[in-house]
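There are two complexes below, and they share subunit A, which is joined by subunit B in the first and by subunit C in the second.
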Partner chain A sequence: MAVLRQYLTYQGIPVWRHALIIQWAAQIASAILVVALVMWFFGNMAFAIDDREIPFGFSFLSREYQTPIGEHILPYESSDTFLYALVVAATNTVVVAVAGVILATLLGIFIGVCRLSPNWIVARLATVYIEFFRNVPLLVQLFFWFYIILALPTVREGYVIADLFYVNNAGISFPSPTASGAAPALVWLALAVVAVVAGVIVHHRLVRREEETGRQSYPFVVGCATTVGVAAVGWLVLSGIFGEAPFAVSTPAPQGRFGRIDGGVTIRAGMLVMLIGLVIYTASFIAEIVRAGIQSVGRGQTEAARALGLSPMNTLRQVTFPQALRVIIPPWISQCLNLTKNSSLGGVVGYTDLTNVAITMTQTAPAINIFLMLMAAYLAMSLTWSLIGNLYNRHIRFTG
Partner chain B sequence: MVARYLKYLGCGAILLALLASFACGQEEPTTPAQSAPAAVQPSPDALEATAALTAGEATAMENQGVSRLQIVRDRGTLVCASINTVAGFGFLDSGGNTVGFDIDLCRAVAAAVLGNPDAVEFRTTTAAERGPAIQSGEIDIMSRNTTWTSTRDAAWGNFAQTMFYDGQGFMVPRSLGITGMLELRDASICVQQGTTTELNIQDFDNQNSMNFDILTFPDGVSSNDAYLSGQCDSLTTDRSGLVSTRSGFDSPDDHIILPGTISEEPLGPLVPHGDDQWFDVVKTVMAILIYAEAYGVTSDNVPSIATGDTKVDRLFGLEGSFGQEALGFPDTVARDVIRGVGNYGEIYERHLTPLGLQRDGSRNALWSNAPCRDCPRGGQIYAAPLR
Partner chain C sequence: MAADTQTSTANALPPPRTEVGVIGWMHANLFSSRLNSALTVVSGALALVILWYGMRWVFWSADWTVVERVGGLFLIGSYNTELACPGQNCFWRPQVSLLLVTALLGMIWGILGGGVAKRIAILTAVVAALFAFLPYSLERMGWDVRILLLANLPSTAIGWAVARYTPLGQPRWVVAWGVVVFLITLVLQRGLPNVPGLQPVSVVYWGGLTLNLILAVGGISLSLPIGIALALGRRSNLPMVKLLCVVFIEVFRGVPLITLLFMSQTLVPLAFPEDFPQNSLFRAAVVITLFSSAYMAENIRGGLQALHPGQAEAARALGLPGWQTTMLISLPQAIRNVIPAIVGQFIALFKDTSLVYIIGMVDIVEIGRVFISRPEYLPSAREMFVFLAVVFWVFCYAMSYVSRHIERNLGVGER
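Showing the complex of A and B:
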């Protein structure tokens, strides 16, 4: 016994009481378990595929899909391949995710700031908004918006504003610029770049002036005005030179026997429901994150800023919010991920997002392969959000 | 320190126990010496002591070579993938029971295999999830107006018998004043996801350059709502489905089903791949329903003593055999089936006639109703002879 005990000691401590050994043993044991579990899952899958002759393989990707995709931002024909159809569907998901994150962030910041407003009514309204939309399941909310949109008049009886804007239960249509040709489009692109650069330079100058002299200079407003101004002047000049506008305006108009709206840009009902539902739901979470972030900044910061004579708005913009961002960004990233993943509910309201199309594909292609690809696609999107968020987080964190 | 040690051991033991119960039959993972003493291995008896067989275990048993017929008998219920939103075929009645034409097909199989038409567990599946559902092998039979296609036959399971011949049609509001399918050019069409209709409409669009705007919805409820609200101009599915849907509208007369079909839709039950006996069992039950009608036997006049009509007596196990023993049935199987659910005609009249789906002169009349042996006047309902 004593001999055995001697072998079972390390650095003079019995191994079952040695912290280092226990930690390593636990690490190794869990690693083996995880590997065994994963191997078992895949083994089981392979066994079932073999046993029940479940179709498996990726050869379907180059086959023609031959199934309609209702809403597609990229051009799509039924003779396109499965792979391309998946790309079309993924684009739909990405568009809803990116637009949704931008809108939800703006709305969330607004609601979160309102929640801290000294105005009693504004603060209460924000609280009610947050508590309501945060506590009702997203699926229920999506159905609610789905039926709200369905209750709009049909495309033939819908609202028409100035013959330019169409609002009906098929979606919202509005005019959009379209390039009148390749060469003018390139010129217009160059002009747009010049205008944006001019705006950024003006913004930069004014920020510096404000910092140096303390004079209120409104860098953002003036910067935007510069961009628009340069673009407008450039357009007029270019039109004079070319004799034609660098881009034409495509206006929506009813077409055919059923009055379907053609031309312009149409945000169709499915995407509209998804955007409204996802933005309103996610904004309620972001609002709480923003509130928590602002409240995490020490009171002394606000008091010092007010003592220096900054207005409440400037205190928030210049002092509190930049510091709050360090607390806000990490949970905000996870809300971006949530919104992206929640967009997979698109199918229930008729939006052809990636999951919806993938499920349809299981009719004519092996389900396991499709779902493997689906998981990889969402993983890639989520990791991209994480990367963007973490890079920004690194940019704004305390250094030194 | 000791507490921490125990915590790790506990975690390891739980994980190990989980793994061991998952992986019965698979190779054991190498057991780390540290956690072994505390790991409680579930004994095989404890696993088998579970009273009722779950579907997952049924799959495991099937893997071990037990026939599905035996699994169903051991379990005491038939697991039937069904639908409960299509009036006439499978829907919830006011009493909360799932009833319909497709539902009775499952009940007929339960009557044949278990002697009790009510020993069925219905699993509701959407159109899109039904393929993976039957591939998983966790259901015994799928009967939810599913079209027999070659891809599905190869990938999903085996189609036993066409029990209803259908074709895809279009419904439009009467107010649009449309009289034919080709007038639907530029229309927006509501269609249910994961159906053959979704594929057929693309073919029709391509062939006739219809320039459809196609909206897909995950189930019949939302596609019907979208159609009724006017989000789409027309609703498309099998004509029987359109008739059934229209019967549920507040004002059915405001909607018309356009003449003509754009596809062939033979509907019938299907069984998982890999068990020929079970495939034969389901085919035979369908044949019993059809031949009972052909021989004029209804649930009210099932013979229990020989009638003298050889065919009837053979069917009902009173004289000779049509292969009951080879199929694993008792001789009297047809009596259980017909007493339990009635013959094909009775099932049709009970569920589909009230919807207005006319049977006489349609493809769903009995072939044997043709006035002469070879004249093409009878319907297409026909099964392999029971003998």
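Showing the complex of A and C:
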């Protein structure tokens, strides 16, 4: 025993009591365990692939998918390849996620501010909204909205508002701008960008002048006027040069016996249900985040702003909210992430999102490879959200 | 001096009527300014319209027959059908589990005394007993089941009395009893071969609210310890352990649960030898638990990060070894500070159990959907999903209600 003890020492300490060695042993053991487990899984999987002739490999991507995709934003034909079908499906997911995040944030901020309103009824209504929609599974809410939309009248008998908006069980149609020609549209879009830049520059200048001289300069109004003015002059000049306006308004109109709606933009039923469900559900979480953020700003800040003579609206906009943002952004990002992942429920309401299409694909293509791609796609989306959040967080954090 | 004070009190005018009482409250909360008054009128009108149409729909125009028709199926799904347990009435098995649960709630009430525990125990027992009077559409359900449901009232009382008057009334016995109840429930539901009256019932027939609750209770009680382990692993200074934990957490947090559930049914069976004992319910439970524990780990990590380093340093200075510093000093404080986030995750897990439809399990939502897909019930879709929403809402709201009381008792944000 004594001999053993003599040899099994490191830096004069028995190895079984040396912290450094115990730590390294634990690390090596856990690494070996995990590697062994993973190898066992992959070994079993490889055996199953061989034994049961389960298809494997990425060669399917260039094959024709030959299955319709219910709703798609990019043009799609059944003769397109699997790879392109996945791109189409991923676009659907990204569109519903981005639109959902924007709308849910706006609604969430509104409800969150209402929740803190000094008006008892407004605060109570906001509380009821939050407590109800937060505590019901999104799946149940999606089904509810799905059957509401389904119960709307058909296209031929649907609601028409002012001959411009069509609401029916196929979705909502409303007017949209369409380019009358490639050249005038592109030139005017370029001019519009210039107009926005000019407006921003004017706004900055006037803000600085106001801060330096104290003269009231109305930076917001003048900035907006600059943008609108430049864009309008460009519009008129281009109309003169090309003989027609760069953009025309396309109004939706029912066509044919079955009342297909042509023209304008149609948000189809599946996407509509997804947007309504995701926005209402996520907004209840964002509202709580906004409330917590606003409450985290010390009362002294609000009181000081009011003492300086700022109106309640300006106090919220210029003093409370910018400080609350530091608390709000990290949980807000995780809600954006949740919304993106929750859009994978599209399949249950007939919206062909990435998960839905991928699961359909597993019937005609190797499931293992499709799931690998699916996981990679969602991880990429999550990382993108985290990146946006971290960059913004760095932008607004305390400096100095 | 004393006389002076008395006179001045006696002569003092009462406060203006616009500042106290109902009028004062309305003045402060509803009509403090012109804008506020306008808001009150608009939002009050909105509230009245919602209330009027909502009430009219609930009590007048809604047709709740579909909910009555589904009846007991909401609770147990196809568990008691001829297909699941041929030639036998199995409805008593989930009922016995329910009896054990109400006894457990009674014990908790007995230990904690009045307040939340009492309210929840009594409410559960009363609701369970009231179920006995519902018009059930299940054929294979006799009077014995109604008696079992009514027995929830005495079982709560027995639990309370046991906790009050016997040495079993200690938290550690209640925790042990809770684990035993969960295991007995699993065994009762699954059945045992070669035991008369306990015919095995395949997990594919488990369903309804029972399935949601089994998945939720199992997931909640396991995801917290796993989440704590992952959080500690992620903060550990051993690079290998840290890497493993980070990869695990980020992968499970970055992928939608339904993708994971679907993979658990198509890919995971391939990763095990063909004769490896496993079933679809178990795999789903494992995936839900791991998914939830990844989120739990991040919540707890947040709590650990917010803790002042002085706490751990003081513990080390007192001579506590590393693991005792973590278990006795850091973790309890960290967990106390993130109770809202942890309970929020419990609620999310319970809501997520509704996603098991993706792998063909018939939970309470899927039962509703199956009924709605029949043409004769299609017009009742709204009633069905409003009912399901209320069922989930009751459980989730109860959880957040309990969490708020725990927070208040522990004095979160006050110390």
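Convention: the second predicted complex is superposed on the first by the 330 of 400 C-alpha atoms of A that agree within 3 Å, B and C clash if a C-alpha of one lies under 4 Å from a C-alpha of the other, contacts with A are read in each partner's own complex, and residues count from 1 in each chain.
Please note the rule applied: a contact is a pair of C-beta atoms (placed from the backbone, for glycine too) under 8 Å apart; a residue touches a chain by one contact, two chains touch by 3 or more.
Source: prediction; values computed, not measured.
Participant: Once chain A of both complexes is superposed, is A:A367 in touch with subunit B (first), subunit C (second), both, or neither?
Facilitator: It touches subunit B and subunit C both.
Participant: Who does A:V136 touch here: subunit B (first), subunit C (second), both, or neither?
Facilitator: The answer is second: A:V136 touches subunit C but not subunit B.
Participant: Per the contact definition in the header, classify A:A232: touching subunit B only (first), subunit C only (second), both, or neither.
Facilitator: In the superposed model, A:A232 contacts neither subunit B nor subunit C.
Participant: Would you check which partner chain A:I54 touches, where first means subunit B only, second means subunit C only, and both and neither mean what they say?
Facilitator: Both partners, subunit B and subunit C.
Participant: In the overlaid three-chain picture, which partner chain does A:I359 touch, first (subunit B) or second (subunit C), both, or neither?
Facilitator: Both: A:I359 reaches subunit B and subunit C.
Participant: Answer with first, second, both or neither: which of subunit B and subunit C does A:I396 touch in the superposed model?
Facilitator: After superposition on chain A, A:I396 lies in contact with neither partner.
Participant: After superposition on the shared chain, which partner residues are touched by A:Y147: those of subunit B (first), subunit C (second), both, or neither?
Facilitator: After superposing on A, A:Y147 lies in contact with both subunit B and subunit C.
Participant: Looking at the overlay, what does A:L345 touch: subunit B (first), subunit C (second), both, or neither?
Facilitator: second
Participant: What is the contact status of A:A170 with respect to subunit B (first) and subunit C (second): first, second, both, or neither?
Facilitator: Touch partner of A:A170: subunit B, not subunit C.
Participant: Could you give the residue numbers on subunit A that contact subunit B in one complex and subunit C in the other?
Facilitator: The overlap between the subunit B and subunit C interfaces on subunit A comprises residues 26, 28, 30, 44, 48, 54, 147, 150-151, 348, 359, 362, 367.
Participant: Quick one: which bits of subunit A touch subunit C in the complex? Just the residue numbers, please.
Facilitator: Residues of subunit A touching subunit C: 23, 26-28, 30-31, 34, 41-42, 44-45, 48-49, 54, 117-122, 124-125, 131-132, 134-141, 143-144, 147-148, 150-151, 337, 341-342, 344-345, 348, 355, 359, 362, 367-368, 371, 374-375, 378-379, 382-383.
Participant: Once bound in the complex, which stretches of subunit B touch subunit A?
Facilitator: By the definition above, subunit B touches subunit A via 1-2, 4-5, 8, 11-12, 15-16, 19, 22-23, 26, 29-30, 32, 34-35, 63, 128-129, 131-132, 135-137, 151, 154-155, 176, 183, 185-188, 191, 193-194, 198-199, 201-203, 205-206, 211-218, 222, 225-226, 229-231, 233, 272-274.
Participant: Note which residues of subunit A are touching subunit B in the complex, please.
Facilitator: Counting only subunit A, the residues touching subunit B are 16-17, 19, 22, 25-26, 28-30, 32-33, 36-37, 40, 43-44, 47-48, 51-55, 66-68, 70, 78, 146-147, 150-151, 153-156, 169-170, 255-258, 260, 269-270, 347-350, 352, 356, 359-360, 362-364, 366-367.
Participant: Subunit A touches which residues of subunit C in the complex?
Facilitator: 29-30, 32, 36, 39-40, 43-44, 46-47, 238-241, 244, 250-251, 253-259, 262-263, 266-267, 270-274, 347, 351-352, 354-355, 357, 365, 368-369, 372, 379, 381-382, 385-386, 388-389, 392-393, 396-397, 400
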